Structure formats: structure tokens, C-alpha cells
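Naming follows writing order (A, B, C, D, E and F), and every chain is counted from residue 1.
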Amino acid sequence: MRIKICQPTTHDASVEKIRKAVEEVVDPGTEFDVINVKKGPESLESNYDEAWATLFQLNLLEKAEEEGYDAAVSYCFGDPALKAAKEKLTIPVVGIHEPAIHLACMLGRKFSIIGIGGCGGRGYLEDLVKEYGLEHRLASVRSLDMNRAHSRDEQEKERVEQLLIEEAKKAVEEDGADTIVMGCGGFSGFIESAQKETGVPGIDPGKFAVKLAEDLVKLKLSQSKKAFPKPYTKKRSL
Amino acid sequence: MRIKICQPTTHDASVEKIRKAVEEVVDPGTEFDVINVKKGPESLESNYDEAWATLFQLNLLEKAEEEGYDAAVSYCFGDPALKAAKEKLTIPVVGIHEPAIHLACMLGRKFSIIGIGGCGGRGYLEDLVKEYGLEHRLASVRSLDMNRAHSRDEQEKERVEQLLIEEAKKAVEEDGADTIVMGCGGFSGFIESAQKETGVPGIDPGKFAVKLAEDLVKLKLSQSKKAFPKPYTKKRSL
Amino acid sequence: MRIKICQPTTHDASVEKIRKAVEEVVDPGTEFDVINVKKGPESLESNYDEAWATLFQLNLLEKAEEEGYDAAVSYCFGDPALKAAKEKLTIPVVGIHEPAIHLACMLGRKFSIIGIGGCGGRGYLEDLVKEYGLEHRLASVRSLDMNRAHSRDEQEKERVEQLLIEEAKKAVEEDGADTIVMGCGGFSGFIESAQKETGVPGIDPGKFAVKLAEDLVKLKLSQSKKAFPKPYTKKRSL
Amino acid sequence: MRIKICQPTTHDASVEKIRKAVEEVVDPGTEFDVINVKKGPESLESNYDEAWATLFQLNLLEKAEEEGYDAAVSYCFGDPALKAAKEKLTIPVVGIHEPAIHLACMLGRKFSIIGIGGCGGRGYLEDLVKEYGLEHRLASVRSLDMNRAHSRDEQEKERVEQLLIEEAKKAVEEDGADTIVMGCGGFSGFIESAQKETGVPGIDPGKFAVKLAEDLVKLKLSQSKKAFPKPYTKKRSL
Amino acid sequence: MRIKICQPTTHDASVEKIRKAVEEVVDPGTEFDVINVKKGPESLESNYDEAWATLFQLNLLEKAEEEGYDAAVSYCFGDPALKAAKEKLTIPVVGIHEPAIHLACMLGRKFSIIGIGGCGGRGYLEDLVKEYGLEHRLASVRSLDMNRAHSRDEQEKERVEQLLIEEAKKAVEEDGADTIVMGCGGFSGFIESAQKETGVPGIDPGKFAVKLAEDLVKLKLSQSKKAFPKPYTKKRSL
Amino acid sequence: MRIKICQPTTHDASVEKIRKAVEEVVDPGTEFDVINVKKGPESLESNYDEAWATLFQLNLLEKAEEEGYDAAVSYCFGDPALKAAKEKLTIPVVGIHEPAIHLACMLGRKFSIIGIGGCGGRGYLEDLVKEYGLEHRLASVRSLDMNRAHSRDEQEKERVEQLLIEEAKKAVEEDGADTIVMGCGGFSGFIESAQKETGVPGIDPGKFAVKLAEDLVKLKLSQSKKAFPKPYTKKRSL
């Protein structure tokens, strides 16, 4: 089984980070590649960034099928190009936001997402939860008031972790969350401390997405082509 | 007052058609320009097409503010780049889908959308209605089973009109709609016969969008910057 | 184009206030008259007041069509007699609550209404938001704890403005509103300071209602007679 | 225990009909009076009729408290003046629509209402179900295409019953209803045949309303004055 | 009329307590018996307890019909075995949670439940409100942080009452409740002080359930057998 | 990794059938045992059957933790004892209905469930979908009009398959489903033909449940103990 993991920002260092996170949970028989876009935004935490990333991410995902992969993952919590790729491709394509919040609904009653990007990032993620139809299970989106691009600086790491834990605790204590979802593909490293500090399950969306992609391949399932039919042939230029 | 109308397909002939439709309803004191993208899809009726159109449409909308326009319209029933532009711009930006269905809710109890693009187009538009939070007022989306790019052929015009009227009548008689919304910016010419044949109001989304843009300018209102804050400064390449 | 604006309280001084507010935004080619009921309540902020106002307001609205007006506005945030008039009349009739909250949904994600009439007024307005099907976008109704009839005293004006701004700020800071709707037709004078103090858009429901009435006339649209059919002929006495 | 039953139409003959229906179910220790308005509409099946009935019905209900009744019933399926009376009165006031559909939710999963007044009547009743927040349990409103005022003619009785049974059967067989609610206070006589023909429970809204009024008095319960506070004192003229 | 009241815990002393509460409100012509299970949990405040109680409670309820009762009540706020008994029996079966929250919706806009069993009890009761489809009217479930089995100790009574009143007050002042529902069949004794301290109606679920059972018998109504059909005959062993 | 699969009916032959289905998809490193209850119903398709099965199923699931399993599955489409077991156990417990419908939401827009047990079975499963909060994605539950216990007869197999395919086709063609979920743990054998005949994905709930259990163990996740806290210690007898 071969899975292609596509990262929609030009931040090349993310590729290796994702590879390490995925390696921890992938099945022995699964091969996977991680690749990122060469054009687009350096990070993605708003509708505006998504608009810059979508077409380049779509092109990465589209190629997965020609390259013979069994499944593709849009590895970013904004799930950019996900529905477009579900239309174009026959192999299963999964985002990381959509599976994570469905899983959260199975583990608890109310989940909170801890994301990034200030109030813009918060609105952006709340809209996605609504789009997936799970807003009645959402306790809150809490969003670090930072530009994701800056938050990756090595010297910021500790501060980011501290803020993230603080927000996760508030989500549990003030907002009524009983399950936490990390609202960024790059927050894998903070799951363990978040779980320890809050006492509730913390979902790493990227890792579960990869497991789900494996499951779909094993179960021979893919997105419904009645729901996501092949687009008509027409002229499209870039 | 100056309004910029942006059309997100490479189909140049649409520009003149839109200009004529808008001229019929615009206030005497309003100047407007219609412009279309030079790259992207030749028509837009799926998530896949939208992914191809968004960035180019966003660039047109973004320039409106620099060029001194008082408002901008994303003139396509998929409202491509709308939320991204609401974030980036200070001047009011409106789509044509969002205003049309809000208006439909004020004129009746249940509306149907008559769109195009087969079952893919239907799902695409249903998702937008949900995103705008008005699915409880939706009687149905009915979608002509055609590629929008082909439906523009002169020899198809009569057939398109006939199919469209048929679907509108079914929406009223079978689905319980009491108001019809045209699900494409290019269906202006069919409103009159649709209203006559169904006996219910038919909304031309493009025309109302332009009136709403004028209203916003006169009322000195624009999208909330708390809801749609300016994106962070970062590297983004095309 | 001639528009009739009907005010459902016996407070005659409101007529001139409304005329001034409307004049600021109306199109040059639009004529309008403002008239109020001669029987009914002196102010309206509860179901009880509405029950006293409805029939007299309906009679004013009904006459608009005979008098040759092109549209009628029920100019009070309780939208009294609105659905009854939509049934009886062929010309478009609009309330001021219904358009205002639909507009709020297009400008932001969550709106708050700042009304009057204590907790009775709050419940009354919350019910209307539900009736219009937009409660999922409502951050809060905040209601000044005053009898509207007293709040009009000249010596109360400053205090009313101050309380209103306080509540608007709480709506934005505590309840998550990103858009404010004035919950009374007579709050036009406070919009500017409310916007300035909160930093979010503030909607004057009366002004937008008049613009929408103009739009409907220009677009040749009116309420669906399938949704709001003419009432049967029968004996009705007053 | 004394209950006042108020009927909001000028159709005097209804008074005796209601008295007979209520007598069949009332407790031995309960006294009740039935009274109707002297001004207003002769029947009520639209928002327009309700606007004509509300103030006169409110006045009947208001007097109940002064007259020493323990509870009051607004005996019409449109529940006219119900919320206004809940505000003004301290003794319990109940409508007949609101209790009937709550009861239907306890007896089955999906209910249908069989009302009268054509598509206008249907929309009117659907809106009430939404106002009461139970639209997710509504299978359908089916509405006889008749003016209620005419349907009372003796020679129409058989035809009304036949049509009503037909609609009730369609509600069960086509719309998925498992419980039927009679959508008019004057349909008591048709319950038995409707139940027999459809095989599902049929709720007579007037009878249950009176039982509920008795229950509230025995349980010493009334509408919450926090939800329905006393209206402010002010000038109101009729 | 004979009603059987079934209590699903092995706590025998509850039987007499329930008998006394019911006697206060039952009609003069109504006979009733109270009986409890001999196996199962000693109190019920979680899904786990419910799983232990359901089959034994079902057996009590099932026998009611053979024994000639006219109606049966599952007298516990978890409504254990309610839907199963609605399927098996022809005579009306009512829970106490379901009627209580429907009644709360008729008395106010938002209700809170004051239950017991810590955060487990809270989640358990919130799920039931959702199952009954009334979560949009729920202000909050507040749950005493105690094992129900211990809370019955005579020396705990005062403390329980005090905590319960505190939570009821918070529900009204902080959560926006205008109506209180006691979330346990054994809280009858606290209604009076809760109403007095909060100023809003307090519903004793057990008492209203018995009144509703009487109403159903008088109105000759029972659960819809289309919604709750008789189970198939098959082998079932205990 | 060791997983315990619990089947809540006394039908012993199901054990081997389940074993075979699970073997097809389980990871090489996963050990699993299938066990069924010794008391309870011989099949489960109603609330009544569930009431007979719950306690015995709970006991099987409870022992899983003592026996050292890493996860437990309640292998029946009614998910009996699921929430009770989530409370009692620390290891992950999954049902098969809950994961299946969440997966269906990720593969398409609208799903239908093809179950068994006539209209009683249909209502039973519709309630579960609501309990899981996904009714807005449900196209329909279609239910074979058969006693599940009889449908297992060897001579019925072909007829069951035929009926099931017919219902699946109607779900897709008439109800708008784009994804099918098998509404019984024993319908594994019909997935392939159902997918072929309808052209949409068909989900075998049992198989996905086992994959999800594996995923949870690998991701070190389990149900939130804040949502499903340990029940209090008290007397419970069987």
C-alpha cells in the first residue's frame, strides 16, 4: 500500500516533520511519501491563505492517482482542495480536519479545536466544522494569536507549547470540552503534554488521517462518485 | 459610486452579457466595470472548477480596492474567493449566491435553486446553501445535466431555457418551492419566462447583488473586520 | 417610485424622526410618506404591545396598495402585521427586523441585537430571530431595562446612548458578536457612536429596510403569493 | 376549579360545540365557561385573520384573571394572543396548538397536522410548529382547500369529513406520520373516524388543552414570569 | 382508572415516598400502585446504572397490562425501559423525564435540569434531552456531585437541598433558565423551596407524569403502534 | 494487540460468521476473539430486544478489560451497552453503528441504512442516528420487513439478498443516498453485490469498527473519561 501525503505550504521543513510523525503510527506494510507545494503561501490559517494554496495543492493530489498511489492525504487542518480532489480522483482522498472531528465525536460529547491565526483563524476553522455538519458537538475553537509562519521559529517553540496548553485547559474547564483536537498539522509534538495537562484525549489530526487512509484502502472504500462526480472536460489554464 | 464586477471564467463573451443585465437595474449615479479572469476555467460548476478559479478571481477582487472602487462583486453563483476577499479588502465585497438566497428567505418560505452541472453541480450548490446556514429554507437544488461551457452555444439556448423552465416548475409543484433562484450568473435572460410559467418570484442573483453593493455603499457598511480580519503578512507566490 | 412607511405606535413625534433618517439614504427619485397609527400602544416592546398594535398597523399597510404606493414598510423592530400584510398585498411589504438580520449574516458570522424593554423585550426579539430562522447566527439579544415610552424623554437621551453603547461593547467582547443590529426603529441616532466604540458594523434596520424596498421595486420583485396567498373573503369586523 | 375558554371568532355557534366537546373530558370538579369574541373574523386560518382576531381575543383572556378563573384557554389552533396573554396574566394560559404537538411528540416520532385554509393555512400552521421548535418532528401539514367559514355549513359536513380522512391517510402512508393532530378546534367530531381509518392516534387539540389547564392548576404551575414578564404600564387605546 | 408506577431501583424506601408525592395530585377516581424492582442498581444516575436496571424495569412495566392497569409510569428521571415498553404494551406508558421537559417548553423559553451524579449524570441527562429533541430549549443540566445512593441518607438531606437550591439559582442567573425541572424522581420535597428561591416555575417530573397518564386514559390515547410496533415473537432468556 | 468482539444475541452461529468477516481486514499483528451472550434475545432489531440484551452484553464487554484485551467491540448495529461500557472501561470500546455512519459522512453527502425488522426496526435505527447527531446527513433508513431471527435461515438467504439490493437501489434512486450503510452486523456477505448494483460505496459496519479499534490502540486513544466517567460504586444485583 502506497500513500501520498501532500502539504500545501512552501515551508519545506514541514516535510521532514510530517514524515517523522507519520512513521510512528503507520502500518509496517505501508509506504508513504510526503511532498509540499512549490508555490503558494508559506503557512495557511485563513480563507485568504487557502485561496493561495488550493490550486497548487490540487495539482499535487491529482498526480497521486497517475503515480499509482492507493490513497492521498491533504495534510493541513484547512483541508485545502479536499472536495475538488474527491471529485477528480477515484482513489480515496482524505483531509485531516474532517476525520479528526468525526473521531472526536466518537470519543466524547463536545470537542474543542486548538488552532492558530488569531480571530481570523478561529472563524476559518469554525466555518469548516459547520461545513462538516458537526457544529452541534463543538465546544469552542480557541486560536493562538500568532502568525503560523512565525510560530515555527525554534525560539518560539516553548512559548507556543505553553500557550497551546493554556488554551486547551480553558477549553476543558471553561468551554465544556471533553476532547481536544489539535488544529494544525504541525502540532504533533504537543499532543502528549496537552493530554497530560488536561486529562482528556488529544487528537493528532494528521496521524489519524493516515490511519483512516490505510483503513479505506484495506476496506476497498473510496469517496462516493455519486456525491463527488468527475468534473466535466473543459479548458482550464494556469 | 464605482463598482467593480469580477467574473471568474475565461469566457470573454460573458462580460458584455453581464454589463447589459446590470445596466437594467443600476442607479443613475453608479458607474461600474465588468472584467473577467484571463486564466482559470472556462466555466464553473463544481468544486474542481472553483479550485481552478479562486486565485485568479481573488487577484481581480483584490485590485478593486487599489483602483479606487467603492465595492466589488464576485459575479458567479459559486461565490469563488468571496471569503478570502472579505478578509483582504476593506471595501464591501459581495457574492451573488449569498445575497440571492437571503432575499429568497424574505420573499417566501422555501426556495429552490435551478443550476447547472448535473449531480456534481447540485452537490456543489447544496454545500454552499449549508455554508450560508439557510438549508432549512431550501426546497431543492435542481441542476441541468449539462456542462455549462456547452450550454452557452447559441444553438443550445432554446433547449436550455426549456429545461430550466421544466425544472423550475417541478421545484414549485413537486418540491414545495414558493420562490425560485437562478443558480448561475448567466441565466438572466430566463427569469421572465420562469416567473411567468411558475407563478412565483424568480431571483436573478447577479442583479440583486449589484443593488446590495450599492445599498452597502450608501449605508456606509462593509463586512465586519472582526469576522474577516486582514490576513497576516507572509510570503505567498504564484 | 413611492414608498409608504408605517409606524405602529401612537407616538406622533416618531414620524418626523423617521422622515429625517430615511431622507439620508433614499434614492433621489424615490418619494416616501411616513405615517403612524392613531390607536394602539404608545410604544412596542413586547408580545402584549404587539397584540395592541397589529390590527391598526395592518390597516395602514393595507391602504398603501389602494393609495398607489409601490411598496410599504412596517417600520418597527417587532415587524408587526408583516406576515398578514404580505398575505393581503400584492406590492412588496418589508419589515425592518427581517432584512436587518439577513444583512447582518452577510456582513459577519454572529450578530447581536441591542433592543429595549428588559427581559420581556429580549424574549420577544429572540423569538422573532427564531421565526426568521437565523438563531444559529445570533450571538445575543441585549435589552435595555427600560420602558421604551420613557426612554424617548429628551433628558433620557444621553443615558440611553450610554447604556446602549455599553451593551453593544459587551455583545462584542463577551458574547462574540462581530456585527451589531439596532433593535429599535428609533435608534438611528446611536449607530455612529456604536460603530466607533465597538469597531464592528452597526446596522440601522429602518434605513436598510427602505433601501431593500427600493431594490424590490426596481427588480420587480414582491413576496411570493404561493407563500403568502390572498386571504379568503369573509366577514371581519373592528 | 374554574376554567375560561375563549374562542376568537364571531361564529357564535362554535360556543355550544366546544362546550359539548369539553364536557366529555373535563374532571367532575371542574367548572368552565366558553365565550367568543364579538368583533374580529368569522373564522381564523391565516396570518391575516389572526391579525383581526388577536386584540379581541386578548381582551377576553385578560378578563379571565379579574373574573377569578384559575386558568384560561385560547381555543383556536392558531393560538391567537397566546404569548401576549402569557405576559399579562398570572394564572396559567394555554393554547391548543402548542400542547397538542408536544403531546404528539410523546406518542410517536413524526406527526402530521390536518388543517384547513389551503396553502395559506398550511404555511400559517407550519410557521407555528417552527415557533414552538418542533419542526424536526413534523411529517407534514396537510390543509383542506376550503374557507373555514364555508366548511361549517351543515351540507358540507360529510364532504369535510371525507376530505379530512383522505388527507390523514396520505399523511400516514405518504408522509411518514405515525400520529395525527387535528389542525382546528372545530374538528372534534372527526377524531374517531380518523383514528379508525388511519390506525394511528388522533389528537383533539382542544380536549387535551383543557386537561393540561386542569393539570397546571392542580400542580400549582403557570407560565414563567421570567420568560413572560408583565408588560410595562403605558397608554394603549382601542 | 388504575395506574401502575414502577420504580427501577432496589431502594425500597422510595416506594412510600413516591406514593405520598403522587397522592397529593392524583384525581379522586384514580387508583395507583407503586412497586420497585427486586434486582438491579440501588440508584440510577448513569448509562451504566441504566444498563443494570432496564430489563428488570421492563418486566415490571410489561406485567402492568396483564394485571389490568390502564396506564404505566416508568418513575425515574432516566426513563429506563420506556421505549421498549412503548413497543410491547398497548396501554399508555409514560416516563417522567419526557413529559417534564415538554411541559417546561410550554411554561417558558429555556429550562434547566437539576440532577445528580456529577459530570457523568450531567452527560447522561443531556443525552436524553437530545433524544427527545428539545436540546434547543435546554439552558443547562446542573448535576450535584454526589452518588444518588448516598444522597438519600437522612443526615444528607439538608445539604442536598442547599446544594440543589444553589444550582437552581445559578441555572436561572448564569445560564438563562426561566423554568427549572427536577432531575430526579426523588426530589419532590425540594420543589417548593426551589420555586421560592429562584422565582421561576419548578417542575416535579413524577407528579406531572402521573397527571399525563390520567389525561391519556381519559382521552383514550396511547403511544402510536406505528411508531412503536409490537416486537416480533422470538426466544429471549433471562 | 488483542481485541475482544462481543455479539449480543444467543445465536451461536453468528460467532463463526463474524470471525471470518473480521479476518479479511484485520492487521497481521492483531489477535481477536469473538464471543456471544448466553442469555438475552436470539436477534436484536428493536428497543425491546435491546432491553433484553444490554445487561448481558455489558457483562461481556466489562470482562474484556480484566482479561487484558486492548479494545472491545459491541458487534451489533444497535450498539447495545455501548455508552455503559464507555463509562465502565478504560480501554477503548466501539460500537459498529456509530463508526459506520461517521465514515459514511466522510465518503459522501447523504447515506442510507439498509436494516431489518420492519417499521419497528426503522424507528429504532433512526433514533440511533439522531442520538449520534447525524440525522441531517441521513437520506433514509430502509428496513426489510422480516424478523431477523428468521432471516438467517439458509433458505431465506437469497431472498434476503434480493430484498436488500432492491432497498439499496431505492435508497440511491428515490431517497438521494450516495452511500449505503449495512444496518446489521450480519450483512457482510451482501456488501459486494450491493455496491455493484447501486454504484455507490457500501459500508460493512463491523469491519470498519474493528479497523477503528485497531487505530485507537495504535494512536493510544480511548473514550474521554470526562465524557464517560467511571460509575459510582454501589450495589447492583443480577
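In this section, contacts are C-beta pairs under 8 Å (C-beta built on N, C-alpha and C of every residue); 3 or more make two chains touch, one makes a residue touch a chain.
The shown structure was predicted, so the numbers you read here are calculated from the model rather than taken from an experiment.
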item: Angle of rotation relating subunit B to subunit E [CA atoms, steps of 5 degrees]; value: 180
item: Chain pair among A-F, E-F or B-C whose interface repeats that of C-D, sharing over half of the contact pairs by residue number; value: E-F
item: Self-contact between copies subunit A and subunit F, residue sets same or different by half; value: same
item: Cα-centroid distance, subunit A relative to subunit B, in whole angstrom; value: 30
item: CA centroid of subunit C to CA centroid of subunit F, Å; value: 52
item: Whole-Å separation of chain centres (CA-atom averages), subunit C against subunit E; value: 44
item: For subunit F, residues contacting two or more additional chains; value: 109, 123, 127, 133, 226-228
item: Residue ranges of subunit C touching subunit D (in the complex, touch as defined); value: 10, 39-43, 45-52, 54-55, 58, 81, 83-84, 86-88, 117-120, 123, 127, 130-131, 133, 147-149, 226-238
item: Contacting residues of subunit E [partner subunit D, same complex]; value: 25, 27-29, 94, 98-99, 102-103, 105-110, 132-134, 136-137, 172, 178-179, 199-201, 203-204, 207-208, 211-212, 215, 218-219, 221-228
